[in-house]
Amino acid sequence: MAWDRNQMAARAAQELDDGMYVNLGIGIPTLVANYVGDKDITLQSENGMLGMGPFPFEGEEDADLINAGKQTITELPRTSYFDSATSFGMIRGGKIAAAILGAMEVAENGDLANWMIPGKLVKGMGGAMDLVAGVGKVIVVMDHTNKHGDSKVLKECTLPLTGKGVVDRIITNLGVLDVVEGGLKIVECADGVTEEELRAATLATIV
Amino acid sequence: MKKVYGTAAEALDGLLSDGMLIAAGGFGLCGIPELLIDAIVESGIKDLTVASNNAGVDGFGLGKLLETKQIKKMMSSYVGENAEFMRQYLSGELELEFNPQGTLAERMRAGGAGIPGFYTQTGVGTQIAEGKEVKIFNGKEYILEEGIFADLAIVKAWKADTTGNAIFRKTARNFNPPAAMCGKICVMEVEEIVEPGELDPDHIHLPGIYVHRLIKGEHEKRIEQRTVRQKEAS
Amino acid sequence: MKKVYGTAAEALDGLLSDGMLIAAGGFGLCGIPELLIDAIVESGIKDLTVASNNAGVDGFGLGKLLETKQIKKMMSSYVGENAEFMRQYLSGELELEFNPQGTLAERMRAGGAGIPGFYTQTGVGTQIAEGKEVKIFNGKEYILEEGIFADLAIVKAWKADTTGNAIFRKTARNFNPPAAMCGKICVMEVEEIVEPGELDPDHIHLPGIYVHRLIKGEHEKRIEQRTVRQKEAS
Amino acid sequence: MAWDRNQMAARAAQELDDGMYVNLGIGIPTLVANYVGDKDITLQSENGMLGMGPFPFEGEEDADLINAGKQTITELPRTSYFDSATSFGMIRGGKIAAAILGAMEVAENGDLANWMIPGKLVKGMGGAMDLVAGVGKVIVVMDHTNKHGDSKVLKECTLPLTGKGVVDRIITNLGVLDVVEGGLKIVECADGVTEEELRAATLATIV
């Protein structure tokens, strides 16, 4: 037993408070939008939009209206558009309260790696380095282990970093951990997951 | 002072040379200067350095300039949608300078605003910081990033008046204003050209001072990821 | 998340403290946050540092805060319209940090954009450069200027929706967007508040993310230099 | 004999070419706008406007529409408005082809002083330091001597500088001088002014 993708997204949505401006990464983080309920959350799309709406109805797609994952989306009454320099100005300037991002690896000191695998995958960091450096709170949502069963929650990252000491909270299929002095602190275990199972799946120091 | 030209080739006439630095607007395939890219392919100039957030896709946008190997170096934040790019890069045929997306946008804006360098926390402690000057402000580390001063900017807007005052539509604005600003010369393609006075002066996104030449054209505006939702039964 | 407040005093409640750094929008008397300034006078807080291009005039705008001696230091580019200012400055009662106008605007924008420092050629070789770090880019000298991070920004817009998305009118825009951006908290006064959706999302000058509290009020909008031309006889 | 204010402005207007974006300072430079004739010149007002129009008709003044001298003005069909950071971005970025400014002193090396008299006049530099540092060409228009008859065209400025080595051309009531290697070069003398008179009124080295 553990959380599935939607349960992870639902858990991540609990991190969001009324009035927050939030940036959601690609993958599981995108699903978080489905679980904010009545909370007044404004989503930023870092390609130049605040107030991101849902996907358009078939036939209503607009080539001039996409999100940072290049997907067609819609606008809301509160929406505003701006250029990329302004968009990352608000990110670097700390105006975005939280970013919820996927990761390849997270380390116990808050280091995050999610942009490249040397020699294999050269896509680029996009806006991830700016987000982790600038937003108020960085929440990583990811599977606790990779497809080979190896822990992604490490003592030290092995991949090139996206940011150094930037992660605040990690939400995985197995539970929730906070980056604190000396290592990670277990905040809660996923449904049906014991603390022993969570510890066993984690290479990082748990304090 | 006539800014309006007939075709992309005419608008670029006399501005192109081998080895030049070109800044291009657009994010993914959204808001890219399709027609100007095609005209640069046609021109045959080579050894280009192109500052653009993305590199198009195979067969569209900057992907075309990669296929013809006219680009020597890309300055980008994300090139994941382009197989030919990946091949050229991994084989060493193409140089690639990765820039965090916000750093790239700010470097363009800085170049346009006469700022040769600025400090940012983005990338501190990562590969991006290697070889860059570090400075401490208020106890925190920042790295020095330099303004981009492009020989030519190619951008796409929605509408412009004949003096070059331009407006963009929705998220197609993206890198177009900062790219336009950082070009010594900026050539813009638009979907509609209107007379001065038809655009509200309070709503100009890019003042005409940044735009030297202007063309109107038909745009394919290809969609990269068509995502939709179903209408609920009513 | 309610951003709309009833009065300037209510909007500033809990935000004011002695010795704080306030960034104010406006150029001359154009686009100044009249009502918020009055409420700060009323609050009695003191030892303020105020970053604002000008210092109002005697009896209006920031001039009122000078009369009550609530301001310890001004960061401005031009203070020539204010006799009380001049008197306090020449007698040593008031500190004054002159900033070239563009440097002041850019320092505000930089603070808002998370940029702690940038290089500019403005002021090289003048008093303004004294004590500032110099760096050479491409053989030219530039000086380091620092971002302004204000405790509070007070600004004035024309219209805003209830989420704080704001538009300005003509040259009343001036320092208002950069001042708003550099405030940890930004309070805005407007002439009209509308519902979300009534402003075109493509025409928002300042997205609501920068605006924390909002009031509507009546503005005097005093004119400093009324210059007119004669209608030709027809 | 010499040029009056309007003749100086008319001479300065000859410096402007079709298609230029230009910033005019306060005083005589403002008059230059009256002499551009058919040339397609766009005037910048550094408080956030391109395409500055004439003064409004009586009763049509708009408190939201002023120039950098705080005077009420009007807009033109080509007008665009922007914020102060953008305005000075275009100035520093070299997008403004020329600035025509007044001066208290100009030196033979192109140094310009026009913003303060220590202990006496403390108004501030406004946008002048940005303009002289950023625009393509700096043209000074001023009386050749002050009200005491002392030359304002000096070997070295005595007042605090607005910019170092920034002036390209000086237009005074007595003539036109260019800043060149080693000093100033006489371009032309004003109507009825001899080169000897111009030299006699000038403390700067004339080469």
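In order of appearance the chains are A, B, C and D, and numbering begins at 1 in each one.
One rule holds in what follows: contacts are C-beta pairs under 8 Å (C-beta built on N, C-alpha and C of every residue); 3 or more make two chains touch, one makes a residue touch a chain.
Here's who's who by UniProt: A, D = Putative succinyl-CoA:3-ketoacid coenzyme A transferase subunit B; B, C = Putative succinyl-CoA:3-ketoacid coenzyme A transferase subunit A.
The structure displayed is predicted, hence computed values, not measured ones.
**Q** Touching subunit A and subunit C alike: which chains?
**A** Under the touch definition, subunit A and subunit C have B as mutual neighbours.
**Q** Quick one: which chain's Cα centre is the longest way from subunit C's?
**A** Checked the centroid distances; the maximum from subunit C is A.
**Q** Report the inter-centroid distance (CA atoms only) between subunit A and subunit B in whole Å.
**A** Here subunit A and subunit B have centroids separated by 27 Å.
**Q** Determine the centre-to-centre distance between subunit A and subunit D, using the mean Cα coordinates as centres, and give it in whole Å.
**A** 54
**Q** Measure off the straight-line distance from the CA centroid of subunit B to the CA centroid of subunit D, and report it in whole Å.
**A** Their C-alpha centroids are separated by 35 Å.
**Q** Counting only residues that touch at least two other chains, what does the list for subunit C look like?
**A** Residues 106, 109, 113-115, 120-121, 168-170, 201-202 of subunit C each touch two or more of the other chains.
**Q** Counting only residues that touch at least two other chains, what does the list for subunit D look like?
**A** Each of 75, 81-82, 88-89, 91-92, 133-134 in subunit D touches at least two other chains.
**Q** Following the definition at the start, I'd like every touching pair of chains, please.
**A** A-B, A-C, B-C, B-D, C-D
**Q** Touching residues of subunit D toward subunit C in the complex: what are they?
**A** 45-49, 54-58, 60-67, 69-73, 75, 81-85, 87-89, 91-92, 111, 122-130, 133-134, 160-165
**Q** Any idea which subunit C residues touch subunit B in the complex?
**A** Listed in rising order, the residues are 106, 110, 113-121, 135, 137-138, 140, 142, 146, 167-170, 200-203.
**Q** Mind pulling up the subunit C residues that touch subunit A in the complex?
**A** 1, 109, 111-115, 161, 163, 165, 181, 195-197, 201-202, 204, 207-210
**Q** Which bits of subunit A are touching subunit C when the two form their complex?
**A** Touch residues, subunit A against subunit C: 18-19, 21, 40, 42, 44, 50-51, 75-82, 88-96, 133-134.
**Q** Give the list of subunit C residues in touch with subunit D in this complex.
**A** Listed in rising order, the residues are 27-31, 53, 76-81, 86, 89-90, 96, 98, 100-106, 108-109, 120-128, 158, 168-178, 205, 221-231.
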